[in-house]
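Naming follows writing order (A, B, C and D), and every chain is counted from residue 1.
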Amino acid sequence: MILNQFLILAALLFCMGVYGLLVRRNAVMVLLSVELMLAAVNINLVALDALWQTAEALGQIMAVFIITIAAAEVGIGLAIILLIFRNRRSANVDELNLMRW
Amino acid sequence: MGVSASPHLAAESAAAVATTGGIFSEWAGLMLIGPILAFLVIVLFGKRMRHQGAEVAIGAMAFNLVWSSALLLLNMGDSGVLYERSLEIASVGGGLVFELGWIVDGLSIMMYWVVAAVGLAVFIYAHGYMKGEVRVTFFFAALSLFAGSMLVLVGSPNLVQLIIGWEGVGLASYLLIGHHWELKENSSAAMKAFYTNKVADVGLVIGVIIIGITLGSFHFWDLASAAAEHSAALGPVAVAAGLLLFFGAMGKSAQFPLHIWLPDAMAGPTPVSALMHAATMVTAGIYLMARTFPLYQELATAARPWMIAAGTVTLFGMGLLALVADDIKRVLAYSTVSQLGYMMTAVAAGGYTAGLFHLFTHAFFKALLFLGAGSVIHAVHSNNMSDMGGLRRHMPDTYRTFVMGALALAGVFPLSGFWSKDEILATLGYEGYTVVMWIAVAGAFVTAFYMARAVALTFFGEFRGHGEPHESPPIMTRPLWALAVPAVLAGVVNIPGLKLPWIGNFTSWLSVRSVPMGDHHAEAIDLGLAAAGLAAAVAGLWLGWVAFGPPAADRTDRDRVEVPVLYPLLRQKYYLDHAALGLVWVIRQPAARAVNWVNDYVIDGVVNGVGALCQRLAGLLYGGVDQHGIDGVVHGLSWGTSGMGGMIRRIQSGRVQQYAGLLVAGLLLLAVVVLFVL
Amino acid sequence: MGFEDWAAEPINWVFLAVALATTVSGLRVVTSPNVVHAALFLVAALAGTAAIFLLLAAEFLAWVLVLVYIGAVIVLFLFGIMITRAPTGRDEAEVDHGRRLPAVLVSTALFILLLWGLVSQWGDTTLDSVTAGTPTSVLAEGLLGRFVFPFEVVGFVLLAALVGGITIARRDLSPAEEKERESR
Amino acid sequence: MDLLESWALSLIVFLPLVGALVALAIPKEREEAVKQWTLLVSVVTLILAVVVAARFDFGAAAGFQFEVDVPWISAIGANYHIGIDGISLPLLVLSALVVVLCVIYSWQHWDEPRNPRAFLILMMILATGMNGTFVALDLVLFFIFFELVLLPMYFMIGIWGDRTMRKIPGFRKEVETRLYAAIKFFIFTLFGSAFMLLGFLALYFKSGSGGQQSTFDIPELIARGHLFEGTFAWLVFGAMFLGFAVKVPMWPFHTWLPDAHTAAPTVGSVLLAAILLKLGSYAFIRIAIPILPDTARDWAPAIAVLAVIGIIYGSLACLAQTDVKRLIAFSSVGHMGFVMLGIATLTEVGINAAIIGMVAHGLITGLLFFLAGSIHHRYHTREMSRLGGNLKLMPVMGGILGFTAMASLGLPGLAGFWGEFMALLGSYQPLPGLSTSFFRTAMVIGAIGTVLTAGYMLWMLQKVNLGEPSSEWAGKEFQDVDRYEMAAWAPLIVLIVAVGVYPRLVLGATTDAVVGLVETAFRAVGG
């Protein structure tokens, strides 16, 4: 096994996630893309951890944190989408311009 | 003319023993603080007082009169008072120190006393004059500030404090001239006074800066000794500094062509005019020239011809303007300007004592004349002499005192004005300015002429106004008599060659100085010159009486001698007001507008343009990349044309994905730059 | 390490299969017009990731991924999809907006850049010693030892997310509605 | 009391921030509680600042006192290094004071959309940023505080600002004034600080070239001044100049100022004028000049030219204004021109002038903006053509306006005079090596500027205060200055007089520090 096969896979997944993030209209699908990107990051972390073999498995611990935060993010994200949907009858991101002042 | 054989500095040998003046000098600062304190007290509590604060103002002035009289007495005779005290208020680095304090010497004692004496008379008079007027409280507060600032000015031991008092006087004059600010012309007159002075102050401030930096000190006494020693440092800049200080003095002392504010300043209540013309404002410039006299005498000699020129033009040209004015206060105002020209010419020519002596006598008779005019105005409710006439019978006290003042001003023997004017003429002759001297004699003729005209039109003939004029109440007439006494007698203190027992003379009062300075004063009367001056005065009076006295006084077309070019020129005041207004207009309109336009369209144009450009670039980039979207084209077009709001909306579209896309793209760009370019 | 050597290791073939599956699933996640499908493909992609973790001997993490993500998060997603009536049809215009090219360009460019970076940085560094799995106790010691503070913070974040989620998504009834409900 | 020595400054800086956090916990509806709390916090901060001033050793004003220096971000060598000397002390006290006055003033004056809690919280954050900037002795710390003030002010303008639509020259559509102003303010300042940060980073990296650890520490950088020379120093100074000059603001980077001032809510304008503008000029004195003295000498003529242009330009622009508040805003350009002229002379007198000018401008222009706000509050317009006779309708407010205008035009005996006078004094004899005739010309032009200043102030007074009230207002009842306004203004009035009569209040602290600064910068190194 070489390191790069994992890292390149992760890069591929990440770029797919970026693509999804940019093209998806539906907010839920945007969130899905974000999850994909996070998964890619996790692969990176674990792979590098395997390379360096730190005593405390630092990379894996970071990955645990990321998974946790991702869960929180999904929760909040979905809640927001729900709220917007309720108010606007749509969950399409490009119809949202609330952030503009 | 008794020409003193002694060289310039010999006058100093006569200087008497100097004392410190004891407690009166050590606490002389109270005189400076008193009126300022009165100002604060009146502003804060005046409304609740019985006389609306007038009692505080008058009380402070009375106190000052007592105190300064004590100093004056101490300074009389053979012993002079010399004292200085400074309190540091800041050290600013470079060895420079700002100080406040007071100075007690012959010159400042004379000024303290004049301000206090004239001030007290005017304050008491004003208490009667202003009865029933609006904002009496504030009026007395401002009067106190006026007097207080003047005292700060004349008591100043250094140039910085002088500036403080100087502009304080300007502020107070602004407040008082514009007392009836409901009318735009009054507030404009106030503005004009303040503003003209502010222009002149530029000269003063720069002059002070030059002296302060060059000497490393703002003290007058350091300046005087540097000048006396012909300091090498001060030498090269002395003329510039001198001329700049003189420019400042031109504003306050209304020298041509910065005199334009003074006649307009008549918009203020009459007591203000009296105070301003006699004691507290216009004398400041003369005082400054006297205080910095050694500079001009020793170093800035090249500046003196210019000063004399300005003074001469003022003394003659402004006197002519008084010939055609109808407003009695304006007649007096122009006469003041002209008399200031005398003083300035005298001081510039080296007649330190002569100029100050004229200041001294002028303070009394001019205050008297103004208060008299105020009394008349009070009675007939008009400023115009065409509404007066025949008041001799209705207002005997006013009439008598006014005539005394007019004769004194005209320079009739043996009233005070005769002696002081004669001394000026003698000095000019002695210093070799013969032409100027004869112009001054001609000026005396003009002075007498317009005073005769004013007296004739006001007090003789038939009454032309409305209603029944009455003599003013005693509270107003008593100050008139009080001022009439020195107006008549003040000349006694400086009759050439005469030194009174106990009192000494004016020259000896002023002779105590820390630094000797050249100054000429006559030792005996030059009979020929005195006769010439007197002849000019009498001729003027006679001609004025012939032209304007009864029965001619009753004619409506008084100014029937309308010399073709001269008359319109005088009526339009040499068109100087037009020139000044034109200058202000240029600043206010084209210049200010141009700057504003530049600001909004050029500088902001660049700013907004960059904004629009960024937005357009963003539009192009995005539109170019995004070939499928209709949005791109539509919005791209609209970005190009919409305004700043559009730009903001574009960048802040609120579309998260657009942000993300730009973010990633930007990141990429950055990475490429970092990796491959750097 | 040439291709010969690489191909000689059987585990690499396993990797190749898993990677292929993961990639295809990932691609479908971002291209599928049906949200439910997309979510299910994400399950597949995540499962692939878990497999990769196993290959890297990170067993604990692999199971965490399966349990937390596939077990919980995806269910959450499905809930969200149902509630928001996300498009489940085949109409592509519904799910994507038209501006696909810039996204393709950007992500491809990003990938190329990353690829370049990875290759130039790591070359063919090998991962030989991956044999023994990481004991869970190591992770436990790390999480409750050196990283206990971040661990607690993350716990707090989760709690905040929980509370926040409820607060945001809860429907505030207008007074009229409130009354109506009470009367019912 | 070592505890005070080491904690006082940190408390002054962070107490408002803590106060803001606590205020967040107070329910929005309980406005009184929020107000009382912020007042308490700001007063305690002020008391601390006064205590610091009282315990300040004026005999050693040239050195830093109340110094704290602990490692912060060790990876880049950034320390939490704070301290004050005679230069920053007056500004720190001024900042603490003005915040208190703003809280008092805003007790009864709320611009739409109200929400006192949010507004006061922003104000407290602003206070932290301002106080922090004046005590920071580490470039990273300085930068953070310097930027921290940006955000609250942006929101203050953008949310509570002027809602009228405005036509911007060059653009077709009308935009809301507050939005335009807020974004302009933000972008301008950010633009400047980007360059400033570049400069800081360049200094950081270069400071390691002598074989020592790179550092962000300001005193340390001053000591290593010899490392920065030639083109490098010139560019770094230029970058920092851009950052500071935008904040001052110097011509031609000033155009955000009239817009921001005009659009901002009253208290926002006051804080902007009284404190925020000082950050830029203070940074020149604290950072740019001592660290790069030789380059400062190269740049001084350019700064002087821009300063003088600012003086004349600001005054002329004032004469063309129709809006009182905009006029006051432009007057700031002129006054800050004097401050910068003082700095450009690089002399003790000039830099002293700049500091006392900053303090005076803070007091006077702060008060003027309060007055403009109150005038707007009463008349609902600031158009001078519609106003008039204010002195008749509201004698006390008219009187205070007159007083403040006089102070602003530099009347001797009031605070504004010393800054102008000393700036001119300094430019008569600039630092040896600078062109004397050049600076003397600048002095003359500056002096002419004072005349123009007097011109527009008198004109404004005539338009607003004097004359008969127009028919629009005549006969109407106006509430003259109320308690809160009086409480907020009285300290300013007293201080304007006090500083005017006894400038040692400010100069007593600064002179030694400034002399020390100039000595180190120019005598020891430059010769």
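Just so it is clear, a residue touches a chain if its C-beta (ideal position, glycine included) is under 8 Å from a C-beta of that chain, and two chains touch if they have at least 3 such contacts.
This one's a predicted model, so the numbers in the text were calculated from it and none came from an experiment.
> For the interfaces A-C and B-D, which has the higher count of C-beta pairs in contact?
A-C
> Using CA atom means as chain centres, which chain is nearest the centre of all the protein shown?
D
> Can you compute the centre-to-centre distance for subunit A and subunit C, using the mean CA position of each chain? Integer Å is fine.
6
> Cα centroid separation between subunit A and subunit D, in whole Å?
Once rounded, the distance between the two centres reads 45 Å.
> Express in whole angstrom the distance between the two chain centres, defined as the mean CA positions of subunit B and subunit D.
Computed value for the inter-centroid distance: 35 Å.
> Distance-wise, how many Å sit between the C-alpha centres of subunit A and subunit B, to the nearest whole number?
The computed centroid separation for subunit A versus subunit B comes out at 79 Å.
> So which stretches of subunit A touch two or more other chains?
In subunit A, the residues touching two or more other chains are 18, 22-24, 94, 101.
> Mark out which residues of subunit B touch at least two other chains, giving numbers and ranges.
Within subunit B, the residues that touch at least two other chains are 661, 664.
> Return the residues of subunit C touching two or more other chains; collapse runs of consecutive numbers into ranges.
In subunit C, 97, 99-100, 102-103, 106-107, 110 touch at least two other chains.
> With chains as vertices joined when they touch, what's the shape: line, ring, star, complete or other?
Shape = other; not a path, cycle, star or full graph.
> Among all the chains shown, which pairs meet the touch rule set out at the top?
Applying the touch rule to all chain pairs gives A-B, A-C, B-C, B-D.
> Please output the residues of subunit A touching subunit C within their complex, sorted ascending.
1-9, 11-20, 22-29, 31-33, 35-36, 39, 42-43, 46-47, 49-51, 53, 55-58, 60-61, 63-65, 67-76, 78-83, 85-86, 91, 94
> Per the contact definition, I'd like the list of subunit D residues that touch subunit B in the complex.
168-176, 179-180, 183-184, 187-188, 252, 254-255, 258, 313, 316-321, 347-349, 351-353, 389, 391-392, 406, 409, 411-413, 417-418, 421-422, 424-425, 428-429, 443-444, 447-448, 450-452, 454-455, 458-459, 462, 465-468, 501-504, 507-508, 511, 514-515, 518
> Mind listing the subunit C positions that touch subunit B in their complex?
97-103, 105-107, 109-110, 113, 117
> Quick one: in the complex, what on subunit B touches subunit A?
649, 652-657, 660-661, 664
> Inside the complex, what are the residues of subunit C that reach subunit A?
Result: residues 1, 6, 9, 11-12, 15, 19, 22-23, 26-27, 29-30, 35, 38-39, 42, 45-46, 49, 52-53, 55-58, 60-61, 64-65, 68-69, 72-73, 76-77, 79-81, 83-87, 94-97, 99-100, 102-104, 106-108, 110-111, 114-115, 118-119, 122-130, 134, 138-139, 141-143, 146-147, 150-151, 154, 157-158, 160-162, 164-166, 168-169, 171 of subunit C touch subunit A.
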